[in-house]
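After this come two complexes, each holding chain A, first together with chain B and then together with chain C.
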Partner chain A sequence: MNSNDITHTLSTYVTTQILKQPKRILKGDEPLISSGLIDSFHLVDLGLFIEDKFGVRIEDSELNADTFDTLDQLVVLIQSRQ
Partner chain B sequence: MAARFSVRSAALHLVLIALAAVASLTMLMGRLIGPRPAWTMALVIGLIALLIVLKYEPFTQAFASTLRIWQGQSAAEASAFDVRWLGFSYIFFRLVSALRDRAAGKLPGMSLREFVTYVVFAPALIAGPIDRPDRFLKDLRSTFRFNLADATEGARRIAIGAFKKFVVADLIAVFALNEVNAEQAHGAPWVWLLVYAYAFRLYFDFSGYTDIAIGVARVFGIRLPENFNRPYLKPNLTQFWNSWHMSLAHWFRAYYFNPLTRALRTRAWAMPAIIFVSQATTMLLIGLWHGITWNFAIWGLWHGLGLFVHNRWADFAKARLAISPERPRLQQAVNVVGVLVTFHFVVLGWVWFALPDVALSLEVFEKLFGL
Partner chain C sequence: MRTFSAVLAQTCAEVPDRPAIHLQFAKRSDLTLTYGDLLSGAAGFASLLSRHGIGQGDVVVIILQHGEPLVYAFWGAVLHGAVPAILPPLTEKLLPERYRKDLAALIQVTRPRAIVTYPEFAHEVELAICAAAMAAAAPVMIAVDAVTPVAPDFAALGGLRREASDIVLLQHSSGSTGLQKGVALSHRAVFNQLDAYAPAIELSESDVIVSWLPLYHDMGLIASFVLPVLRRVPLVLMSPFDWVRAPIRLMQAISHYRGTLTWLPNFAYNFCATRIRERDLDGIDLSSLKAVINCSEPVYHSSHLAFLQKFARYGLSPRALATCYAMAENTFAVTQSAIGGPIARNEGGGIGNAGQVSSGRPLPNVRIRILSEDRRDLPEGAIGEIALHSDCMLSEYYHRPDATEQAFFDGFYLTGDLGYVLHGEVYVTGRKKDLIIVGGKNVYPQDLEQLAGEVDGVHAGRVAAFGVFNEDAGTEDVVIVAEAESDDPAERERVAEAVRQHITRNSDVAVRQVMMVDPRWLIKTSSGKVARSANKAKYLAEIMGQTA
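Moving on to the complex of A and B:
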């Protein structure tokens, strides 16, 4: 899966399952955690989704804005662990 | 003549409940998050037990009496101050972080000297901020060279912090809510003034201390994490807790909230139940960490329930009441209302935090609302 596919998969999951706004378009550099767009519960869900979909483990202590805050950063993190 | 200190009557049942709760939660987490080396769990439980002894004054007193008797002295000479451990509340966080990260294979290799420096780093010893081992080590290992920009920024933070803590906070402290003026004040406006003053005194005192800690560390080339980001201007309680004592909230998320939520999520609990249990227990533990009293427990639950209600409301509203970006004024108005509601929820919560017992807190609530 290339970075565009990963971005699309993540973006679709966030807009439909977390934000419940399927028509919303997320920019790759849009802050997700520090802006409050994704709360701490959905962050855990996102971690579980990534684990399930991409086979990549994001530790509990890494679920924060310091580790990743945008889709672009998350894609880099996933690719670095695949 | 030995100094004597008054000790509140022992609420043994409360301590036993707290001990049982902490032990149960620790065991529950141990089971839910998978196998961990037994020694790690034993050490974490030992640290929690030590924290409880140091946080609950009658236990501290009993421990001090035992030490006095052991040394052949009179137990009447004992005081809780005999066994105070400066900064242990924060040492506890760093030690547990290290143990948990070690068990997860995430703790970077470090020498004993580096580890001790991390655990008892002087500027952050007494009241944080709580740094992560990997981030702290990065700064510690970089070669120290005097840097004018760092020194200037450090001095600026120290000056701002000193002004906030020793001028603003100490001035407001004169009329901030406390045990004495809570009983003396009459009339809702005056009691509101006391409560508002307490809210601002606490913020300026703690954030001022943090500024000084960050500034001193910066002079030595260590960049400690920020702890405050305009918390009283946040439009909801979730954002308040993302901006008040941030390193504490971050620690609890990493080592308690996230593992618990992940474990409950994979066991297919209903989402509202997960949210309630995770929020309420996390905030209860944060409350009890400040001290094992009913008031701190209620303060924690106050915020836990507040976070739960906000979460449910946000979930309901985001799909149905989303405000169009083309209506910025409406969004602005909603934000202003949100800031006012959040601020007053937090301010009323401080009534539990500031006072030593439930009866006095309820008396203050009666005065605030003219009941």
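Moving on to the complex of A and C:
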């Protein structure tokens, strides 16, 4: 899966499943965690989704804005572990 | 005469080497504090208070993250004879300005003598103190990084000179923005609560309590901090932030320490059942659990079933599921279901076909009345406001005589909760006012409506906020319906986003959905107020219409 596909998959998951705003467009550099868009409960969901979808495990200690705060950063993280 | 300090002095003399608290951390190994360690750290903190001129009966606000300093600060304030009040630290998603404003308002009402925080947060607290603008009585700011333990000299400490009727701690119940009420509890009230509650949960020194609950909440502070320490029951304590990122930690702690008791809000049952991977549960043994007590949110049978289905194969007994109805104003527990016994259910009540789950029977020191709107006693099974009387009620809302007076009727505390009594069991059905309870946290819809109305593009005063029960999550989702000034879909999307951001950053509440609607969509009452329940019904009907 190339980075565009990963971005699209993640973006769709976040807007439909977490934000419940399917029409919402997420920009690649938009802060997700520090902005409060994704709260800690949904962060765990996102971690589980990534593991199921991309076979990449994100440790619980990494589920914070220091590890990734945007879709772009998350894509880099996923690709670096695939 | 029993005071916290008297009990601690005795414990320190009799069992100094017994483990009191096992502190768990995400990135370092567990730290076990014996009673000797705990009280030496606390005495070290007490001497710090002394050096800052804090006196007996002074309120000490504690804003610290999970860790030794938090534990020492609370018990150190107690040993010093001061009155600790633990408040939540600023989280990354809340705006610092908003936090500062709320803290300043709290300082003005509570008038603490000191505020204890960690060095990185000291500047924030200083700004709040300035904003509170208290010329004469500004609190002292004490930044603590680490506490130097000293051997406790109980005779010299102020705590032993406190009376049983003196206030020992404040618990700040979440309230409407800026108007938090500090529940003031006396030594006597807390001991009366422990005397009544300990037998109800069949507590003994062979128990082990495991908790991830925050200490600024009654379930964390009383059941999972004060009770174990005063009753010599070992406590395993982790950070709520670590738990929420990895709920498996709770199961690991129970398995490792042979935990027997833990308290959870209803949503945590669903959270644990759905967010913990099977492979992480390899080798986990939950058979030591005597009770997992569901408390602080409405209790759902479906949440218990999901929890049991997930964890039964790891040793969780169905008989370990238990329920409790509690509030800070009664120190903690009002009712408790029988330990090891089945939880009563009223098949005719509640949502769906599952029936309504009982919160158990009143503790022996509690009398319950169910009152009608005009405050007459209602018969068995009828729903009304739950009022209670006990020997462990609050002394007052601290410095809020107005709120204290309003809270009582005929000597009974008016809980604001709706419920009924059937065959001696108490069933809690909801709130008298439109309160949203999400993830164990009380949220006042008017606060969210106010915030939404501040966003450009929203008709001020044309907003409804309400909670919608989400069965998968085991708690309520926060929904905002707002009338838009524009009918352009892209503009509405932008405004919806702005509303979500503004509310999150200013209230620390995650909004599940913001629905922008046409002008005059919202139903108002004859007096011109937005009718929340009617609008919730209309919203649900529209949602159903879309999916059908």
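Throughout what follows, the second predicted complex is superposed on the first by the 82 of 82 C-alpha atoms of A that agree within 3 Å, B and C clash if a C-alpha of one lies under 4 Å from a C-alpha of the other, contacts with A are read in each partner's own complex, and residues count from 1 in each chain.
FYI, a residue touches a chain if its C-beta (ideal position, glycine included) is under 8 Å from a C-beta of that chain, and two chains touch if they have at least 3 such contacts.
Everything numeric here is computed off the predicted structure, so don't read it as measured data.
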| item | value |
| --- | --- |
| Touch count on chain A, higher of chain B and chain C | C |
| Partner chain(s) touched by A:K23 [first = chain B, second = chain C, both, neither] | second |
| Touching partner for A:V44 - first (chain B), second (chain C), both, neither | both |
| Which of chain B and chain C A:D60 touches, first, second, both or neither | both |
| First (chain B), second (chain C), both or neither touched by A:G36 | both |
| Contacts on chain A seen with chain B and repeated with chain C across the two complexes | 19-21, 34, 36, 39-41, 43-45, 48, 60-61, 63-64 |
| Touching residues on chain C, where the partner in the complex is chain A | 26-27, 92-94, 241-242, 244-247, 271, 275, 277, 439, 489, 493, 496-497, 500-501, 504-505, 510, 512-514 |
| Interface residues, chain A side, partner chain C - complex | 19-21, 23-24, 33-37, 39-45, 48, 60-61, 63-65 |
| Residues of chain B that touch chain A when the two form their complex | 100-101, 104, 106, 132, 236, 238-239, 242, 250, 253-255, 257-259, 261-262, 265-266, 271, 274-275, 278, 311, 314, 318-319, 322 |
| Contact set on chain A toward chain B in their complex | 19-21, 34, 36, 39-41, 43-45, 47-48, 59-61, 63-64 |
